[in-house]
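I am attaching a structure below and will ask some questions about it afterwards.
As written, the chain order gives the labels A, B, C and D, with residue 1 at the start of each chain.
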Amino acid sequence: MGDTGEWQKMLEEISVRYIDNFWESPPVNPILIEGLPGIGQVGKLVAEYMIHVLCATKIGEIHSIYFPPQVILEENGLARLVRNELYIYRGEGRDLVFITGDHQSTSNEGHYLLADRYCTIAEEMHVQRIYTLGGFGVGHLVPEPRVLGAVNRADLRPELEAAGVFFDRDEPGGGIIGAAGLMLGLSALRGIDAICLMGETSGYLVDPMSAANVLAILSKLIGVPVDLTRLNDRASEMERAIEGLVEGNRAQNDEELSYIG
Amino acid sequence: MGDTGEWQKMLEEISVRYIDNFWESPPVNPILIEGLPGIGQVGKLVAEYMIHVLCATKIGEIHSIYFPPQVILEENGLARLVRNELYIYRGEGRDLVFITGDHQSTSNEGHYLLADRYCTIAEEMHVQRIYTLGGFGVGHLVPEPRVLGAVNRADLRPELEAAGVFFDRDEPGGGIIGAAGLMLGLSALRGIDAICLMGETSGYLVDPMSAANVLAILSKLIGVPVDLTRLNDRASEMERAIEGLVEGNRAQNDEELSYIG
Amino acid sequence: MGDTGEWQKMLEEISVRYIDNFWESPPVNPILIEGLPGIGQVGKLVAEYMIHVLCATKIGEIHSIYFPPQVILEENGLARLVRNELYIYRGEGRDLVFITGDHQSTSNEGHYLLADRYCTIAEEMHVQRIYTLGGFGVGHLVPEPRVLGAVNRADLRPELEAAGVFFDRDEPGGGIIGAAGLMLGLSALRGIDAICLMGETSGYLVDPMSAANVLAILSKLIGVPVDLTRLNDRASEMERAIEGLVEGNRAQNDEELSYIG
Amino acid sequence: MGDTGEWQKMLEEISVRYIDNFWESPPVNPILIEGLPGIGQVGKLVAEYMIHVLCATKIGEIHSIYFPPQVILEENGLARLVRNELYIYRGEGRDLVFITGDHQSTSNEGHYLLADRYCTIAEEMHVQRIYTLGGFGVGHLVPEPRVLGAVNRADLRPELEAAGVFFDRDEPGGGIIGAAGLMLGLSALRGIDAICLMGETSGYLVDPMSAANVLAILSKLIGVPVDLTRLNDRASEMERAIEGLVEGNRAQNDEELSYIG
């Protein structure tokens, strides 16, 4: 997967490396789906789940001096650089390309440069539309988390609302930080449509329930059915665990009160 | 407003993009007015108010990897990159060009590089004089805020004093930080006159009263009448709101004292 | 050791300078051993001890704008730049090259750029294998510290396990930070085998005992016998000192208890 | 002092600008004296005092994106960029060149790049020797502050000791940070002798007494008599002020004790 000569490019700050022969059968009418680490890990959960369930194939890796300066250990003691990864799912008449990975940038400037590189990748693949995925932290447990949307062209909004995406006038007030946000802005400059789907989430925990909601809507929008069973299972488990904690807290509070009373 | 090829320039750290055909009728004897976010938002309030009241036209956008790495959501769910903007008001025999926007640089080096780019813009437009606008935080409410001045050529001072600008020997002692300051220093190296007008302000609140004072003097200096009504209205509203708070506090204090007494 | 013209390269961020004529007799089948400052100073202790005991010769220096911006004073009042150093031990049929030094990078990006440069050095010397050395902080005193391993190619693991290196499924969970980690990932891209040996250590103290354990295994792996006497002596001294502290604490606790009792 | 074209160089991060015709009569056998802001402002006090007393002439300015992003206001309301300055004193058979200024770098990398640029200046002027000046903070008031030394070539030490400079085996243990230190290391690589003179100082106050000590020794070393009267006067004033404070404290303590007693 590349040789020394190629690697010199890492010193140009960001390195994108494809598997051999990838460009011999380029993606067909591709949609790009970005799901990188962030609030509640919502975006990353969705992207990784889709890659797993759809048996998407890995097509490339991204390394950068803007990622944290460390290697990650895999179970067998194998160390590898922090990376983002590219996957492809060859669909019927339309391919899905995924960007997911370990980390986002550690610096402000790096966020811009990485997001811009992802948009260059989209452009090189003649991507028709970009979906960026993330969580929207509300600071408390959300019984029925909604999916909020943002677009980089106003005409994209009705289609999303029809699919159940909410557009909250004031949310998220602070804007959208990192790749999920910047790719909307940067792809607009390249004339590529982009949509951000954000699952409401507490912001304190990895949130498979929020991810399942985002995935349900994304699946509808891209016309690719995805079996949500395992993600829903994980969400249910998590819900039970949280309920257990809440119950436990309540019980403990009752107990403490009975001591007092 | 630009194409992909042009956008490659963003990777050169700062990107200035003009509307099509802008340079076909370049600014006439222009004055450049900078009003970016800062203390009390004074500079930004003045620039945005002038743009609104004078019906100035947008002529360009500035994006940069030195801005915060996020997009901003507009009311319709449309996401856009953090940006600074250029506007023009075609006056009689003299045009006004405005620089305003969402944010200043997130890094020290970026402050220099952005301010230098703004001065390059001034030079390309053959700007005759630059006004930079800001607030001067004094740490307490100011009943009658003055407008302080700074210049990049000593000869500029008398004209300002005649217009009511104060030159306080020791103020601001810490210098002027960000674009409002750097543009004075950097434009001097290009031989362009530049003046900084700073409205005294508490530094705790957005301050339309301070902005109105700055605008009254700026309007006199550039010979462009600006209807201050709406800015003064906003200042009055704010003043009443603050008085209400102060009254409320006093009442509460009295009440507390009556409990004690 | 180099002239002015050469030094201009420092402004290219990292400067590697060899002693004159070094490349006239290049290293033979070299192994590269990296021991830079880090947790418990384990890696640096091992590298410096080996350099001392094997009477390795200094062959070069590395300076960088990514090191802390200061000079270090030697005993005679001589000031020198913060640096990393290269040493060579000319063995039988196989040379050892060492990288050790004062500091690692002060910035994230610098970590990548320095580690990448070290890998370029390895490549230029046709290094067969890289060993990076470090400590693995466990947060408490470790009576019998193990040596944990990580590799950049799965096939390297059995040989290490045979030599007594542990591969703990979950350790280190946070990955390996700095040069010891990054060199594994970056050398993989160049097709160079690399192994990280980490001595368990409290993380609070310079740890010669952990270093002795790492060195014993490294010595076995590279087939170069190293007399451990002085390192073991230092470890024993330290152990006695710590026991003294623990005894003292216990005595004090007993005393305090006797007051209470 | 330069035109627009020249200023483009600022975007190369550091800009050195000389007065017109400076190079027509280049410095003769010059010694370079660096006195920038730092602990106790000792170095800056010495350099500025020498420039004043010797009536040295300004020959250049240095601007950089590594300085704080602000302008400084002079008494007449004139704003100017943060800068370092170059001065020359045309002595008999030997000129003195001074580097002093407002600030040092705000970033680690900038420290290296600026110090390296200062060494390039030294090289271009064929400087014979560099003196860097600073304070050495000891954390308490020092009744008779010594002058500590550091050199970039061991042979330089005896001459300094003869002039009364101390070489403390362990001081300063943390090395010498910033330009005063880096210039020693960086000039060694260019084959230029450099000496750092550090006045002991509390580190809490601007310290003219420490500066006077440094200057007395520097004056002896460079063979240029400097009238110390005014610096000693300022030191005496400061000493009296501090004694007043100490007396006041003691009196207050006595008073408090008399209340208790």
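Methods note: a residue touches a chain if its C-beta (ideal position, glycine included) is under 8 Å from a C-beta of that chain, and two chains touch if they have at least 3 such contacts.
Just so it is clear, the model here is predicted, and its values are computed rather than measured.
Of all residue numbers used at the contact between chain B and chain D, under half are used by both chains, marking a mostly different-residue interface. The chain with its Cα centre farthest from the Cα centre of chain B is C.
Chain B and chain C, compared by their mean Cα positions, are separated by 53 Å.
Note: centroid distance chain A to chain C, computed from Cα atoms, is 37 Å.
Chain B has no residue in contact with two or more other chains. Viewed as a network of touching protein chains, the structure reduces to one closed ring of chains, two contacts apiece. This structure has the following touching chain pairs: A-B, A-C, B-D, C-D.
Of all residues in chain A, those touching chain C in their complex are 2-4, 7, 10-11, 13, 63, 65-66, 68-73, 75-82, 106-107. Contacts from chain A toward chain B in the complex involve residues 105, 108-109, 111-113, 115-116, 123, 149-154, 157, 167, 169, 171-178, 181-182, 184-186, 188-191, 196.
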